[in-house]
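Letters are used for the chains, namely A, B and C, taken in the order the chains are written, and counting of residues starts over at 1 for each.
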Amino acid sequence: MEETFDLVIVGGGPAGMSAAIVAARAGIKTIVIERGEFPGSKNVYGGVVYVHEIEKILPDFWKDKTAPIERIITDSRIVFANDHGAMQVGYKTDRFSDPPNVITTHRAKWDRWYANKAKEAGVLIVNNTVVEEVLRESTGKVIGVRTGRPDGDLHCKLVIFADGAQSPLLVRAGIRKEVKAEHVALSVKETIQLSEEEVTKRFGTKPGEGVTFEILGSLADKMDGVAIMYTNKDTVSLGIGANLEQWKKSKVTPYEMIDKLKEHPMIKPLVDGGQTKEYVAHWLPEGGYDTIPKLYGNGYLLCGDTAMLFNALHREGTNLAQETGRLAGEMAVRAIKEGDTSERMLSEYDANVKNSFVLRDMRKYRKFPHLLFNNPMIFQTLPDVVGDMIEEMLLVDGKSKKEKQKIIVRNIRKKVGLCRLMGLAWRAWRSVK
Amino acid sequence: MSDQEWKGVLVFIEVTDGKVQEVGWELLGEAKKLASKINQNVQALIIGHDVEKFAKDAIAYGADVVYVVDDPGYKNYITKTYAKAFVEIVNKHKPDIALIGATNLGRDLSGAIATVLKAGLTADCTGLDIDDQSKKLLSTRPTFGGNIMATIFCQKGKPQMSTVRPKVMKMPEPDPKRQGQVIKESVPVDPKDLTVKILEYIPDSCLESVEIEHAKILVAGGRGCNTPAGLDKLKELAKLIGGELCGSRPLVESGAITADRQVGQTGKTVVPRVYIAVGISGAIQHLVGMQNSDCIIAINSDPNAPIFKVATVSIVGSWQAIVPAMIEELKKRMGRQ
Amino acid sequence: MSKIEDKLYTTRYRVDHNTHLKIADMEVCRKCEGKPCTIFCPAKVYIWDEDHIRVVYEGCLECGSCRIGCPYFNITWNFPRGGYGVQHKFG
């Protein structure tokens, strides 16, 4: 390629595109390299986008009629399930509808729309291209990338890597270590078609508004199942996953697991009769704070899932990607304008990310991934115990309440042990405080 | 417009470089079978420049009616112009079923047409039939890797469209005495649509890209010789006798050959003069792709390999000994000449 | 319940002529106990067939699990060529 660019961004997802918009608006000559047919064609996520972070780049975007918003979420539920029942805790409010707080979208539509905003800002987006190598000069400084196209070398002043949770490119280049199986969750997701009226009716929402379910428990054969169910305009996003290290020992396949989930008494009435429109699989980088690589180097920055930025407890990923993309874009503007893209200069980006909610939250929940990984009881025994306890309380069978209380405590003692339960509660508190 | 008004099985006859692509004739043979099951006629559509002369061949191969769209504007294939013409003919004559050969042109054209007509399209089919009850077209095609065959029918949308790969359907016997109707349709090309001008044809210098369907001699490798050393020997043999390298599915999965060199159910169907099968067991998925070759020479160390059932010459032994010996002997004999 | 092939049929792909997934050494697979790739792959790319692993790369959903999930790291893994592989309609 004969043209030169100031900034090369690898990856056209929310992180990369946010960086691109910020940089291009400040007059930086920016190019985004995307390996799919269009931005979004290779992306998967649960389904919610956080308005606050997007507004920092596109103020009042939700008033734009072309924005591919599915539903505005006004009802959030957390579900603790065993394989025959579920305990739900939820909060519904009309305070989150105008202005919206959280919305559902489809990644393929959203990223494409977002990319058009980037084009309006002057970003050049090149699709159908894989970045194969990182180019360095003799000092080791990153000076560009090599793509799979003929004559496909791109030289630039700064590279922002936003190419997702698995970046074999960065592993080959020695910029990031290869991910370990225990640091990611493998999830599968189906987009299930109903109709707009049917979704509104089944989930009990107002038209245009929606519900999110975060589901935890022993959903299938005592695997550590973490599932999500989000309402879109006329479809439902249903996803389930587990830690990859668990999958290696599993006897159940991911596609069997999602089918079992669809049969769960809480889920079935909500998705029954719907037609699966798409089936996809992806990673959630769950390793947490301790797996975050160095976010910068001589001539480059990392943002989004590439930097393992994912808040497992709150299932937040896109807003972390969006925010670090924005910060990376701002850093790029400053560094390129001052003619200094050295490691020392770029360390400012690291400081900014550390001071933002991104790393503050990740540091806070540093021990949470270990809590889930080291306490299989959460997924295997506890859901049954909790379920049994609630069922005992709800069952009208002539026993006195005091008797029932004894049965419940006996059950807990037998299946879990009071001390173990207290220990778990203590560890859980420690991991999120 | 009710479904009953759509009648006829239409076959697109592709003319490229002044020649008719034979898949068109193959599909006419198939169309006749389908049409007889639903009591409809067989139609052919030829688009191009100076193509009216092929109409009588279309009738000989089985068409009852041939629509000819002949205009200088169609000399070179441009998706938009051909698609517009095709759609206009379809809207005018309303065929129930439309079949197109899965050539590069056919694949490009069929997608464009199906999108405009909002018709269902099943690509790369290996089988066509009519459902007894619904009288709908049933299109069968292999799914990923050929694990499962999928039979697809279109619930709504007309015409029901399928593309079929060359040499999958049998070439019918032409009957020059057959009678039929030739209808010249005028669909002038809008000059604004001539967005592409062919300046020059440059032959593809990339040696890897080849159409094995056109090769007269094929040297095929299977799991039994799927090693770098084995592949080298096969390439040497192929080069020596002016043949092309191809193989069964395992060679694609190991990256030894690209999928366009795969012969079989999920690959291509070939009918070369000579097919040398080395280390190929002859599983049905492979056999369906090559069993009609004129002369099949099979080399396999397993005397019970199914490939021997279709082989003209069967050699039981290890390829490591036989193939190098063949190469040496061939070199000697060819040197002598 | 639907078969995995039915699920994969709902997903859009641009299939390449080249496989982007290869088994590095088939002998390793023969000795591997359990062959976890044949279970955890969400697209059923890996299938044990008598004495070898089949690689149905066309259905790959590009999650990367096989690259790090194979206990022997015996899979040579690359992204498909630019513009090829899975292309999400929803994601």
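To be clear about the criterion, a contact is a pair of C-beta atoms (placed from the backbone, for glycine too) under 8 Å apart; a residue touches a chain by one contact, two chains touch by 3 or more.
The structure displayed is predicted, hence computed values, not measured ones.
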Q: Averaging each chain's C-alpha atoms to get its centre, pick out the one most distant from chain C.
A: B
Q | Chains most often in contact, by C-beta pairs | A | A-C
**Q.** Chain nearest the overall C-alpha centroid of the shown protein atoms
**A.** C
Q: Go ahead and note the Å separation of the Cα centroids belonging to chain A and chain B.
A: 44
(Q) Averaging over Cα atoms per chain, report the distance between chain B and chain C in Å. (A) 28
Q | Cα-centroid distance, chain A relative to chain C, in whole angstrom | A | 23
Q) Listing for chain C: what residues touch at least two other chains? A) 8
Q) Which bits of chain C are touching chain A when the two form their complex? A) 1-2, 4, 6-8, 10-12, 14, 36, 39-44, 61-65, 67-69, 71, 77-79, 81-83, 85-91
Q) In the complex formed with chain C, which residues of chain A make contact? A) 35-37, 40-45, 106-109, 111, 127-130, 147-149, 165-166, 168, 178-181, 184, 186, 188, 190-191, 235, 237, 244, 247-255, 259, 276-283
Q: Could you please specify the touching residues of chain C with respect to chain B in the complex?
A: 3, 5, 8-9, 15-19, 22-23, 47, 52, 54-59
Q: Could you please specify the touching residues of chain B with respect to chain C in the complex?
A: 143-145, 147-148, 150, 223, 249-250, 252-255, 258-260
